[in-house]
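Naming follows writing order (A, B, C and D), and every chain is counted from residue 1.
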Amino acid sequence: MSAQTIAKPQAQQPGKGKRRISLPVLLLIIAGVLVLTSVVRLITGADGITSTGQMSTALRLAVPIGLAGLGGLWAERAGVVNIGLEGMMILGTWFGAWAGYQWGPWVGIAFGILGGCLGAVLHAIATVTFNVNHIVSGVAINILALGTARYLSKFTFEEAPGGSSKQSPPIDSLGTFDIPGLSGWLDTLNQKHWFLVSDIAGLVGGLVTDLSPLTVIAVALVPASWWILWRTAFGLRLRSCGENPVAAESLGVNVYKYKYLAVIISGGFAGLGGAFLSIVASNVYLDGQTAGRGYIGLAAMIFGNWMPGGLALGAGLFGYTDSLNLRGGTTNVHALILLLAILLVFGAAYLVWKKRYVPAVITALISAVMFFWYADTDEVPRQLVTAAPYIVTLLVLSFSAQRLRMPKADGMPYRRGQGK
Amino acid sequence: GSSSSSSSSSSDSKGKGLALAYDVGGKGDQSFNDAATAGMDKADAEFGYKSTAVEPQDGESDADKAQRLEQLAKQGYNPVIGVGYAYAPAVKEVAAKFPKVTFGVVDDEQIKADNVADMVFTEEQGSYLAGVTAALTTKTNVVGFVGGVDIPLIHKFEAGYKQGVEDTKKGVTVKSQYLTETAQEGGFASPDKGENAAEGMIDSKADVIYAAAGLSGQGVIKAAAANKIWAIGVDSDQYKQDALAKYKDSILTSALKDVAGAVYNLAKSVKDGKPETGVVRADLASGGVGLADSNPVFKDNATLQEALKKAEAGIKDGSIKVKTS
Amino acid sequence: MKKFDKERLLLAVAGPVIALVAAIALTSVVLLASGRNPFEPYGLMLEQASFSDVQVLIVNQASMYYIAALAVALGFRMNLFNIGVDGQYRLGAMMAAAVGANVSLPSFLQIPLLLLVAMLTGAFWAGIAGILKVTRGVSEVVATIMLNAIATSLIGWLMLSDNWGVQVGNNNTTGVMKESGWFPGIDLGADVGEIYGLVFLAVLLGILYWAVLNRTRFGFDLRATGESESAAAASGVDAKRMVLISMLISGGVAGMSGLPLLLGEVHTYSLSFPAGLGFTAIGIALLGRNNPGGIAFAALLWAFLDKASPALDYATPVAYEKEIATIMQGLIVFAVVISYEAVRQWGLRRQQRQVGAELAAAAADNNTTQKEVAAR
Amino acid sequence: MHALVGENGAGKSTLMKILYGMQKPDEGTIAVDGEQVAFSSPADAIARGIGMVHQHFMLADNLTVLENVVLGSEKLHGIGGGARRKIKEISDRYGLSVRPDALVEDLGVADRQRVEILKVLYRGARTLILDEPTAVLVPQEVDALFENLRELKSEGLAVIFISHKLGEVLSVADEITVIRRGTTVGTAVPADTTPRQLAELMVGSELPTPETSESTVTDRPVLQVDRLRLEAEGGRAVLDDITFTIHAGEVLGLAGVEGNGQTELIEALIGLRSADSGTIALAGDEITAWPTRKRREQGVGYIPEDRHRHGLLLEAPLWENRILGHVTEKPNSKGKRGFWLDPKGAQEDTRRIVEAYDVRTPGIDVTAASLSGGNQQKLIVGREMTHKPRFLIAAHPTRGVDVGAQAQIWDQIREARREGLAVLLISADLDELIGLSDTLRVIYNGRLVADADPATITPEELGSAMTGAATGHLEHVEESTGESTEAGAEASPEASADTAPEDEAR
């Protein structure tokens, strides 16, 4: 069985122009969306959609997803599909909390990373050494990690003061900080609800308010990953193992070594994400704390086309919708329906310009339905808000999956000396 | 019965004590389920019982629950209490097989049997008082409600709270927020979700937030403390909880639900040979629900206490009917 | 020929046996490391399994595991990863419950109707992932993970009292199903319990699974696609159609996996309907090597670990942590995937060597005739 | 410059991989500069100044040229500006004209080849191994390559060079080693060796010539392809204006250097890719829109070029492999449209095939993977022939098959041809192609550029057309002494103006 099933790109070679949107265009699109959002906010009065608090919460919720996604990125760039991220995260939450409540949060973070690495070593042994199907091995790790964390909790947390079989004792906080002056000023600006200015202030303000040091580290890991993977010899070798391991081998690269390293680093990221959950997001380990974030991280990575920047965007999207959900989502999401409807109008116009009339009509129809829905209701069902991030991911993937490009040898078995 | 064919070979010992069977995720929630454990501990201490408490597996069905209760009953535990409405079908089935054992089920009143005590609470009444408190405390005229999971049981808390606010002060907005759709997603066990939700409310000017969210409520209280607003706790007196000692000055009061007392009372009634049966409703009148007054700020606020007394009296004499949804 | 068959059997058995032995050994190591008796828990659990009321629980649970695992295995056989069995199962059960509560036909129509509703619902939900895969190239792994989450919200919404929800006490349900839709079980006495009637559905589905895969053209195409997509395409298999159909069937089977419980015991879909079955099923399908007999064994083993382990919690005189069973389940799956792969590769090499040896022997025997052939 | 020649599968690549440290020898020694060495990985070989250009490109498509070049030798000049300068320098010095920042997937084969050579030079190799570097190049590119190689040689580098094109080998090599079945069977000096002698040394016996027996060509067209066009992603034509007819009893041989559209043509005929324009008709029925299965049911047989990818389920038993591709047909299945599988029938018939086609196997329950390549091929041929196809696509039907089996497969094809089978034969073995075909066509760059009469044409003449040097109808020109044509002799093509002549029905 080959595990090359994740988002198998159907269009192998999209024309060069299609593949990349140039930077100015991208900036223009972002600016456009921002302006539109601002307009929608003014129309609907749903100030929550760009408030500092919303953005700050979104960031906090995005961090564990982004870390899991980075974990996925490292493994898959070296050709190993890692669906065991969830399990490695679970190990991260447990180990992080276990060390954290005894020796302080920083030690906890180190142990969380270690815990994730432990799960990753298993995954590497199975997939790299034994060539077990990557998804199968990942599923096994998820089961095993769950059992391990529960079993260990019985021995450690149950007797500890303030803990139980499902919960660790509280861990000291890492503390949070604001950027002096800037955060307050941006928040004030955001409170004014001015057109565009307040929205940008909210967006930037959310990124500098109420930060945990671990959040800063996590955010920094995105460019760091990019730099290491794309700008260093180590990264080049690692990526070559995911693109064409036989070629790498023919140039003297020890493919096994790099795959092992990549998977272990991947586990470390997942473990860090887990530690973030148990140390920063809440200050205890809880049974079931990861709640599928490992899988979501994987989705964010695919969403981001196996690139750190795209992945961060995907994680941000999940974080944002999740935060909408927790912060009075029903009215905010209602406002976003209007935004979506307007965006679809633009989409339809673009399609008409491209002379693709049938899709244009369909898009316009959907847009009309959205407008009607917006006008006809005051809020959306709570359940829709909960489902929003998943629906958005599905939609985005179905529009872009064909442009996605996974590493060529991702998920494929490799054995030294067996290349043709 | 054919004892050889059954896992629960009946045991000799009479008066082993009581048995609690939790629902998934129950034990260790520092709130509702742990209150049941506290009741059990009290009974143990007082009657010299060796009670037991059992946890279930993930994804089990009613049959597993029934088997668990049966096993407990056969081992000689009496009463056997299913903690949570999910136990209702199982209790109904097993109670028929063991007429001499008293069964209890918490939060359900569907079972009509001679040896079953349906231990229910009028959470809406306590929540009504919490609403009165919130309405009289808010300065911004925005108050909040955070529910753990979007289920009927929690809707009762919300309904009572809202009504209490509305009846007390016109023009106060109640923001309400549920954390998850299902308990599996961790609505009762995610302090971080509670914290984020509370911060959202605080950003929209809420200055009193009532949390009926199990463990997640800790996050709400934490956020309240961080933003110097009031939180209202739930189930047990959260002002006195060790885990929350850091934030206790922000806990105005807690809407009590005396599960511990209910469990203890049932055990005592069995011990005394007059087992409770039928619906055992713990309400305001019986003291089974109410507000905690350990926070001096709350206790010493005369106007507030006055209003609460009035509301309490109204509920007791039936002039105030509190909605449940 | 006979010899080869025996060896195949040996190879087929070697994988699981090695895995089980390794998993048990590792579990004992874990027990030992945590200061527990490394063997007693097995005895306690086996003792549990000797009681017929526990056996009934095991069989009932296994029937659901079995159906769900078949759904997973069907996808696995053609390299299609239906991670969404869980959502398909929950939606299927909920829809069947809702229909069962609102439609009242005579039993012989009602029950097939409910089966059909559950099947179609599951197929529909899986079909979304299938369509996205064949038309838009979206990985079914990601799509089904997303659909699981969406199913949760959808069920939550459908079960609002404004929609189909009926509140019973503090529980939110779809209302009690009409009795004509209840499927009678086999009552083994008050002390023992009742085996779900739909256990036979599981058996039937297992037989069907075997027959379809091994005895029909469709099954051959499906297996061929799983073994080599390129060879299957060249042999005339329409890969896209195959993906869609398999996804639909897999979803249909998944949709029915909650019915033994629904029709046989609870008769309503409520908040306490068990979730997570689909994920367990993945482990079971792996353990059972995607093969109907193997899955049956795996489902029973898994159910045994599930149902026998709670007793560890209140065993006398020493209680054990029942979580050890989860560790064991994880270790088993892990050991199984590694040992299967190792045994498979070893078996392949071994067979190659044997073929070579036999041919060499044959060549030595009739050297002359072969020379003739070679020289034409 | 040392050349290595041998049959397909003789072990040339394997030997080179051992030299390059990718595989470990069981016995024997390797000495570099007189010093005995043992390589445990290519890194060791590279350190010893050995560089290898592999038969199949060893490039990562999604990386840039620069990244591909520096990979594994990042220490030399870093992975940034320094490396870019070095690459430019080498590129300019040897006229390789390589752009460091292009993505490899955007490059053509010749460019990729140059990247491969650049990779080796970048590492400062003193011994260069080139495994079939010319297989995919057009003549001008081959010339340019040899020019580069001569330059390298003059700078004191040693070159080991593998090729199947004996003319090429004789023209550039200083010494030739011939290997067969994994052992050295001889050495030769180009000056006093003819291609034919070399070939016989390779095969180890008289070359079995697939003589053409009397023509069985009828005037009943079986396969008609009309103006077939196939586009790659982005609109570039990989097949253009392909028009030909194959009659019952006719074998049409298609000659061409690998990568000129043969694979795509096969895929279009079997239905794996749909034509962008043009039509395909089978015995008068237009089948352009038919799915693969229907085509196969209606009598299209297929011997694939890559049997492991397209012809077999390697881990399934032989009898299941016998079903593959014919699952809806008897004896594999029964019922309406073959709904039910008939394992008994299939097993029985597999036994018959194993017997009749001399597939050397101890039974039909062993996996296909455990058979040798030649026996796998025999099974495939047996399977396809059993269903009495009307039209057979035979791509390299005897690749990797021993001499005896080769003759047997040829016989099978001839016999079926007598019974009215139409065959499209694609082969790299020009002798096979000429010997078996009734008509010859040459494919170059996705177009049919030339045709020839197999009765008179020589492999050398055909070869020149395959490189695009000659087009139109190829006439045989008698030159010197019949049998042994001079190495590298160009056929003088009487290029007719019309590039793709209508098929002349015989």
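What we mean here is this: a contact is a pair of C-beta atoms (placed from the backbone, for glycine too) under 8 Å apart; a residue touches a chain by one contact, two chains touch by 3 or more.
Not measured: the values here are computed from a predicted model.
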item	value
Most widely separated chain from chain A, with each centre as the mean of CA atoms	D
Centre distance in Å when chain A and chain B are each reduced to the mean of their C-alpha atoms	36
Inter-chain centre distance, chain C versus chain D - centres from mean C-alpha coordinates, in Å	45
Between chain B and chain D, centroid-to-centroid distance (C-alpha), Å	77
Inter-centroid spacing, chain C versus chain A (mean Cα positions, whole Å)	30
Chain B residues counted as touching two or more neighbouring chains	55, 150, 181, 184-185
Touching two or more other chains - residue numbers and ranges from chain C	152-153, 156
Residue numbers of chain D (touch at least two other chains)	none
Contact pairs between chains, per stated definition	A-B, A-C, A-D, B-C, C-D
List of chain A residues in touch with chain C within their complex	1-3, 5-11, 83, 122, 125-126, 130-133, 135-137, 139-148, 150-151, 154-155, 292, 295-296, 298-299, 302, 381-384, 386-387, 390-391, 393-394, 397-399, 401-402, 404
Chain D to chain C touching residues, read off their complex	208, 270-272, 291-297, 302, 304, 309-316, 320, 323-328, 333, 337-341, 343, 358, 360-363, 365-367, 369-371, 402-404, 407-408
Chain B-touching residues of chain A, taken from the complex the two chains share	48, 51-54, 57, 60-61, 162, 164-167, 170, 277, 281-284, 286-289, 291, 323, 326-328, 382-383, 386
Residue ranges of chain A in contact with chain D within the complex	11-16, 231-233, 236-237, 239-240, 243-244, 246-254, 405, 407-408, 417, 419-420
Residues of chain B touching chain A in the complex	25, 27-28, 30, 55, 150, 175, 177-181, 184-186, 189-193, 195-197, 199-204, 215, 219, 242-243
